[in-house]
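Below are two complexes that have chain A in common, paired first with chain B and then with chain C.
Up next, the complex of A and B:
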């Protein structure tokens, strides 16, 4: 029986969740502390899932091999069921309805720790090692050995190094910042007026517009990228057809590294257009919801005082949207820092292969980690990306802060 | 209640213990092997045929194939080999093998005792030999340089002789210039000679160095030397091709109009690509017209070229059935009849010398893949590219980007070879 690692994960994760979700309810019914139930259920679930998952696999593999893996999933019940059935009531059976809290929180905390916190800690650790999964590392998690400790070397190289990796890193930071600097304001400039316009029309029409504008958000990014790739195709694309009507000579939007507008590569603009097209529906819907929350009497009072619609929008609506603008700008900034799929499909970081004109940080991290096996260097870049997002978010929180409610 | 739980726990422990000690009698007889392979129609089909043939002879053996999309396969290998959950038999590209040799089983002694390395070409086998041990067997001789695909209809339409027999580069450039087509805006719609995808650029550059009498390895074979007279001349030759207008490297490269697609969609008349692309092309474009595969002119006396080993099979060090897995590999790669069928189905060049040098095998090979005639006699000039710390990094992240940027006019040839030299040699630093 080979390749048990995925099953070991399934056994553990499945029964950790079931155990920690159900056992608090059982404990609560028997008058016991449900938080202890969550903890005990978690431990018993994992142990039972692993030990009896493996046991059932061995048993059924010899008699019913086609279903052995599926049946092994029930291993967790071997100890959990007796625990639930045989647990003695402490102070008489009565439902206190407190078990639901640990029954939902303990599994979530478990998932958060195992699938988010631990990988994050692992990424932080990797940033200090020359880690390549193909190399033979030391006995503890593969760290050490050929995956040697390099301390803060990567971070020093990022600042001072002039070899290829640091140069690519600095180039990807510059590209990411350019991308974000264009995307965030453009997104807000499009979505706020658009949401106001949609909000101002009749409710039935509003639903139609809202659906239409939200459609690209739920469309596959790869599909969007392929479609825009065709539009920007240098030889047969729609973009060149349209600009050709205005007498502009066709350009290689996604391929020519020499073309720039205001210092920004034209390929980056092309990618930004595709990204905005897919993304702006999300903020539009958020702003529509926010606009619906602004009390009408505030606008009415302004109109009574003789304010024009533009003045109402500028002096009443926009200031009251400030918390929503903060929310939208923070999330747009974070998602634009994380842009990957559209660029990977449309340009693969090019044009310009040495200093890719659209090679953003996540693409650089991906290539280093999964194409060239430089996990340590990629992890160090990830930490810098997180730090940048944190700094920019803190700045936005400060810039758009408000101390009032309506 | 404690008594009940204790009894249940004891019963559970007994159940586990009984399973641990119980081994089914027939488990020792039947062998199930897992085989990993990248996804590519003809390759998967050809390997399955080998498995069917092998299991027919060995009914106690079952081989389960799992295929992965190419990029995913790279990642899966990178993570699974150190984690230890890889398959028993791994299809690997020759130049990856030494990088993974810590996790691979060398050829067993009994097989090694009778193994004749000379039955394989040096270039493909070279990838599977690490520290005097053989870690797998090649199934193909991967050739990315030496011959080009040529489109008969386009040549005839341009009034050029077909198949072409270029005596020198000037003759090829002349033909390519006549084959170029542009639209009314002056954009190139059909390239004359498309050599600007990643593999073509890398192998053109390396072959250019070798044919001019140079070497990209230093004397001790522990570092690269691109910033040499031959390196510069090789790159300048490629720049000259672009300046002569045979291809627009902005519109034709690895991400835009890749040469495999460009050739079979009529966007290039001459494409520098390995013959493996023919199986792919005919699979995707079955109605494509007549074509041929003809030799490129040499820059020096001999058409020496660097060759990149090729696809083959290896055995995991952790496999419980290494002997059976190696037996299957030997059956697939070293048996001339089986290897021939695999090469015919995949449209690849054999790694076994007999299939090329023995008419008994060469004839059916050329009947199935007549375009190989142009390259089989060139195989003798193939030289293994060498054991590199990271072949993909050197090829796709160093040589290709610098050369393409030079061809696109973003940097000078002198700067490009100097930077290539510097970046490539960083791979050897601890």
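Up next, the complex of A and C:
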């Protein structure tokens, strides 16, 4: 028999969920405490699933080898069904509790522990091991064994390492920061005025504009990347035609490693344009919604006092938008730290091999983890990415803090 | 009803006469938004010779041709129906499982009292803040342990929990008055009947918005399917498109036709359901 490990996991997981979801309802019917039902169902489900799953597999393997694996799944029912049927009702008066609560909450807790908390702990632990799933690891989460413990070696390398990996890492941090530093302010500078313009026109036209501006947001980012890859094509692209009309010589937008605009490599610049194009509709819609929430009488009062539209915007609208600006800037920042799709398709991180001009952190993490099998190193880098995101978010919360309401 | 409403609205908020500059800027913005789409669609109808001829550059196709599309549909190495089916299958199953689980958990968190509810809900919200990049490596390792990599099931089976969905559904269900549920209880309805017959119909708009949001983000999903699905025939459309793009980099017309085939279905759906789409995305506070 080949690898049984997945099957053993299925047995446990399936019957833990079924047991802890159904048993509380049964307990509730029989006038017993459904929370105990959840706990008992969970334990009985797992034990029965494992033990009788194994037994069924052995039995059916000699009779129907083709179906043995499927039939072994039903092992959990061997103990759960009798439990559900034979459980005696509690005598005397009782209040019916709500079996639905433990029937959903116990499976939820089980899920949160096994498939949400565990991966997080695992992710942090991985950063201290030289991990490759192809190697034979130790008993706990595959750590240890051939996947050697390396301590804080990765983090030390990041700071002072001189070899290829650390250089690539530091380059990716720099690229990500450049990308974010351009994207977030530009996005807000485009979307806030745009939203207030859309908000100022007539309702019917407003809806039309809004849905056109939202088109790129619903478009697959792979599609966006390929479309813009064509536009920035060095020989046949639209971008060179447009700049050519202004008398600028054709540029190899996505291939030229040396050319920069205001210190930003031209390929990164092209990617930023594509990203902004895809993304601006989202914040525009957010700001339109926020602007509609600002009471008219405030603007009206300012207008009566003789303020010009620009003054109204600057002194009334903008301050009142502050919470929304905070929200939008935090989310734009987080999502631009996570940029991957567009860059992976448009430039593959290039131009340039080791220190690719558009190789952002997530692309670097992805390549190390899933192409080069350096999962420990990739996990260490993703910890740094998350720490950076956290740090910047906290900074934004502090910078845009406001303690008044209207 | 709506007519009266619109009339009072118009009376109470004096219309601001937008100047022509505003309209000019907005229309220019629309052109910038739409041109890449149009450019792509037009290029997909151009012949290869026309695209690479430097003296023949024009926006409109000179020799209108559908040969790019024919090539794609006739390519035996690219069974395009199969990839459509894969993408639709994943998107639809995600919509159903996530709608059900989010509504159910949202209902329990909104309408029942139990010990440690706040702690648990706080933890659910916390999982929403954890970036995917942190957990993607261990999540992949878990799928590996379950032998679910390279299978469409891998994208469906372990994906039945969405913290954001739970949060959203709870917000909507809180506005349903408790008296309504109690009245049903007095009439002898079980908790499940209350959930399906009273609560679900009340939050249909939210379900529609959230459902479209799930559909579109799972149709467009790239990084996670790219990690999980390695075999050619289980891939979803975006992944197959990048593969096709790498193979035919020089034949731009062909690649453009392929990306039109990827993008168009969602744009069609968007035109029909755009009310829900926009709402779904703004509700989300998340980026697709």
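Just so we're on the same page, the second predicted complex is superposed on the first by the 290 of 406 C-alpha atoms of A that agree within 3 Å, B and C clash if a C-alpha of one lies under 4 Å from a C-alpha of the other, contacts with A are read in each partner's own complex, and residues count from 1 in each chain.
As a convention for this text, a contact is a pair of C-beta atoms (placed from the backbone, for glycine too) under 8 Å apart; a residue touches a chain by one contact, two chains touch by 3 or more.
Just so we're clear, the structure is a prediction, and the values are computed from it rather than from any experiment.
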item: Touched partner set for A:79, first chain B, second chain C, both or neither; value: first
item: First (chain B), second (chain C), both or neither touched by A:370; value: both
item: First, second, both or neither for A:5, with chain B first and chain C second; value: both
item: Partner chain(s) touched by A:235 [first = chain B, second = chain C, both, neither]; value: both
item: Touching partner for A:258 - first (chain B), second (chain C), both, neither; value: first
item: Which of chain B and chain C A:108 touches, first, second, both or neither; value: second
item: Per-residue contact with chain A, leading partner among chain C and chain B; value: C
item: Which superposed partner A:353 touches (first chain B, second chain C, both, neither); value: first
item: First (chain B), second (chain C), both or neither touched by A:137; value: first
item: Footprint overlap on chain A, where chain B in one structure and chain C in the other make contact; value: 3, 5, 133, 142, 235, 370
item: Contacting residues of chain B [partner chain A, same complex]; value: 1, 4-5, 8, 12, 15-16, 19-20, 22, 24, 27, 34, 71, 74-75, 77-79, 81-83, 85, 87-88, 99-100, 102, 183, 185, 187, 189, 250-251, 253, 255-256, 390, 392-393, 396-398, 400-402, 404-405, 408-411, 419, 422-423, 426
item: Chain C contact footprint on chain A (complex, rising order); value: 3, 5-6, 9-10, 98-101, 104-105, 108-109, 111-112, 115-116, 118-120, 122-123, 126, 133, 142, 194, 197-198, 200-202, 209-224, 226-231, 233, 235-236, 238, 241, 277, 279, 281-282, 285-286, 289, 296, 327, 331, 334-335, 338, 340-341, 344-345, 362, 365-366, 369-370, 375, 378-379, 382-383, 385-386, 389
item: Chain A-touching residues of chain C, taken from the complex the two chains share; value: 13, 15-16, 18, 22-23, 25-26, 29-30, 32-37, 39-40, 43, 51-52, 54, 57, 104-105, 108, 112, 114, 120, 123-124, 127, 130-142, 144-148, 158, 161, 191-192, 195, 216, 219-220, 222-223, 227, 237-239, 241-242, 245, 252, 255-256, 258-259, 262-263, 266-267, 270, 274, 277-278, 281-282, 285-288
item: Complex contact set, residues of chain A against chain B; value: 2-5, 51-52, 55, 58-59, 62, 78-79, 82, 86-88, 133-137, 142, 163-164, 234-235, 244, 249-250, 252, 254-258, 347-348, 350-354, 367, 370-373
